[in-house]
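Chains: A, B, C and D, in written order; residue numbering restarts at 1 for each.
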Amino acid sequence: MARLWYRYAAMNAGKTSSLLQVAHNYEENGEKVLLLTSALDDRDGPGLISSRIGLKREAATYTSSTNFLERLKDVEVACVLIDEAQFLTVDQVRQLHRWVHTNDSPVMCFGLRSDFRGDPFPGAAMLLTLADNLEEIRTACRCGKKATMNIRIDEAGERVQEGDQVLIGGNSRYRQVCARCFYS
Amino acid sequence: MARLWYRYAAMNAGKTSSLLQVAHNYEENGEKVLLLTSALDDRDGPGLISSRIGLKREAATYTSSTNFLERLKDVEVACVLIDEAQFLTVDQVRQLHRWVHTNDSPVMCFGLRSDFRGDPFPGAAMLLTLADNLEEIRTACRCGKKATMNIRIDEAGERVQEGDQVLIGGNSRYRQVCARCFYS
Amino acid sequence: MARLWYRYAAMNAGKTSSLLQVAHNYEENGEKVLLLTSALDDRDGPGLISSRIGLKREAATYTSSTNFLERLKDVEVACVLIDEAQFLTVDQVRQLHRWVHTNDSPVMCFGLRSDFRGDPFPGAAMLLTLADNLEEIRTACRCGKKATMNIRIDEAGERVQEGDQVLIGGNSRYRQVCARCFYS
Amino acid sequence: MARLWYRYAAMNAGKTSSLLQVAHNYEENGEKVLLLTSALDDRDGPGLISSRIGLKREAATYTSSTNFLERLKDVEVACVLIDEAQFLTVDQVRQLHRWVHTNDSPVMCFGLRSDFRGDPFPGAAMLLTLADNLEEIRTACRCGKKATMNIRIDEAGERVQEGDQVLIGGNSRYRQVCARCFYS
């Protein structure tokens, strides 16, 4: 049975590298994949998936108005891979879940859980609710503990606690922290 | 570092047995635990945690107006164990997360992810967003696949697709299913 | 596809409770299971599986000369559940692995990883090598850290570091510890 | 508490990419790591760790006569990362386990579980026995199921079932398979 996966992590854990590795593994087996990323995230140009470690690859994009039941209708691939999946809407996650289980075709999503204020991304919360398999990609806080939260910093490196949920602008404005450091 | 845990499962997986086993393990080590369950769930009398396999035990109760920062203020136990945690409010989950990480004291929550319509329980979605560790307690659909969803059935055994989120009344009105059976 | 599972843990984690819960879940779904335990372990009489929390149930037994390809030949159950699986021989684990994948029928094994000297149980090492899914049942050391090792104690409660691998005699002679406490 | 990790996988899953990502994450946090690989594996020149996806990096090497308690004596790094860890000896794994827990310093090992005959690598079996955390890096068989086993193929692409455990020579002579395909 095909599954909807959510591989979640804090910032800077290697989510995109993990996605590109999965794509590579399928293709080494002679199979096709579809890569999608959010049109919100234009830090490397629209439709480019790039990881901090240096891997890059073109991808199709989705917006908040994409209907995935339409978008995936005639797609025939071994796996659909979605980066920045915290930007999916709640309805889009429902569409993906239904598509996986009525087409028996897997979808793997990669993304965050909570924003810099500790609030959920709505699409991420729905992925955590519906995904058949949840997998964490671990990374460490500077204090050495497992990072589960994210903070936003301003240009001077000071922590910012208020503002809009989304401020796309590269890794330099966000940092992963453990929950203890988040509260202190 | 103490952690907030969410052990989630579909109906009838053994969540309560797992909670009572954890309590037993702590107590065998000579330590104290605090058991809490929702006052909503009165199927076995207020404040009784009971598992289908036959284990039973008294527990304190919480309601949607419990403030956990107050409730846990002078509690000194090795672990707080919370059953039916899908009934926590979003704010209560925030309180528990903050309490764990400012007091360095663990809390383990046990509960569902989604209701019979496939909608999230708000507190469960927040636990999935903030918990330091997510662990699934697996159980099977009647078709043999892993159950991740729940359905409600009426007295005649027919599936019900509309109604209020909460209808406490024992296992007989709910059944765990895999996502494929959920959509078919 | 059916799988060979190994749910491993240190002593006193609740392995047997977990096994009995899985059996209960299958039977609630109207399915049959086969329970097996080692004839080595006669602490509760031959063929009795019992957990510290108070659950008990009869089981068939296996010895080191059981050939599982023979033993399971005409068995038609939804799942075979094996307790004290660290006492399986290496060849028996190979038989179980082959049986799962040529009959498409699941086997779940529950047991330890290492003995009181930190040495592997040969059957456990083979289960860790071949099982399709490895799952840990967590429990804590008295110091609060995750217990991964076991120590043997004598009647006076003193740690014993030499002796035979197997000394069946109830929980009272063994205690789970974290690796740091194991070395100190 | 520092831990000994074993991230295991079948061939071609991305073990080396995962190792290089972990190194990158530590270094982004301003910390040092020590990378070690087996001197047995000279497919990319001694002391070079390279992944199929294109990442490469120099590493120190270890042989079967390396004593890790000596080798790591004055090493001060945030994490020791060991590739091709199935080639560690049983004693070397014991040394690493002891070192982690007496120095409170983490070691992450990446490697296989079983060889092309389905036999354990002795060092891998010991890592599976002692590691504080076991994590699987998943990859797929050509049939779509999860690959857990490995097969060796000759120059004509035919499966080889007998021979020495170790035949270093690149990915072209090995292929990952699920257990069902392994037996058929």
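In this text, contacts are C-beta pairs under 8 Å (C-beta built on N, C-alpha and C of every residue); 3 or more make two chains touch, one makes a residue touch a chain.
Protein names from UniProt, one per chain: A, B, C, D = Thymidine kinase.
For clarity, every value in this text was computed on a predicted model and none was experimentally measured.
S.K.: So which chains count as neighbours of both chain A and chain B?
M.R.: none
S.K.: So, comparing C-alpha centroids, which chain is the farthest one from chain A?
M.R.: The chain farthest from chain A, judged by C-alpha centres, is C.
S.K.: Using mean CA coordinates as chain centres, what's the gap between chain B and chain C in Å?
M.R.: Those two chain centres are 27 Å apart.
S.K.: Centroid from C-alpha atoms only, then distance chain A to chain C, rounded to Å. What do you get?
M.R.: 38
S.K.: Do you know which chain A residues sit against two or more other chains?
M.R.: In chain A, no residue touches two or more other chains.
S.K.: Residue numbers of chain C touching chain B in their complex, please.
M.R.: Per the stated touch rule, the residues are 12-14, 17-18, 20-22, 24-26, 28-30, 52-55, 78, 139-140, 142, 144.
S.K.: With touch defined as at the start, can you tell me which chain C residues reach chain D in the complex?
M.R.: 1, 4, 94, 97-98, 100-102, 104, 113-114, 118, 120, 124-126, 128-130, 132, 134, 136, 145-146, 148, 178-180, 182-183
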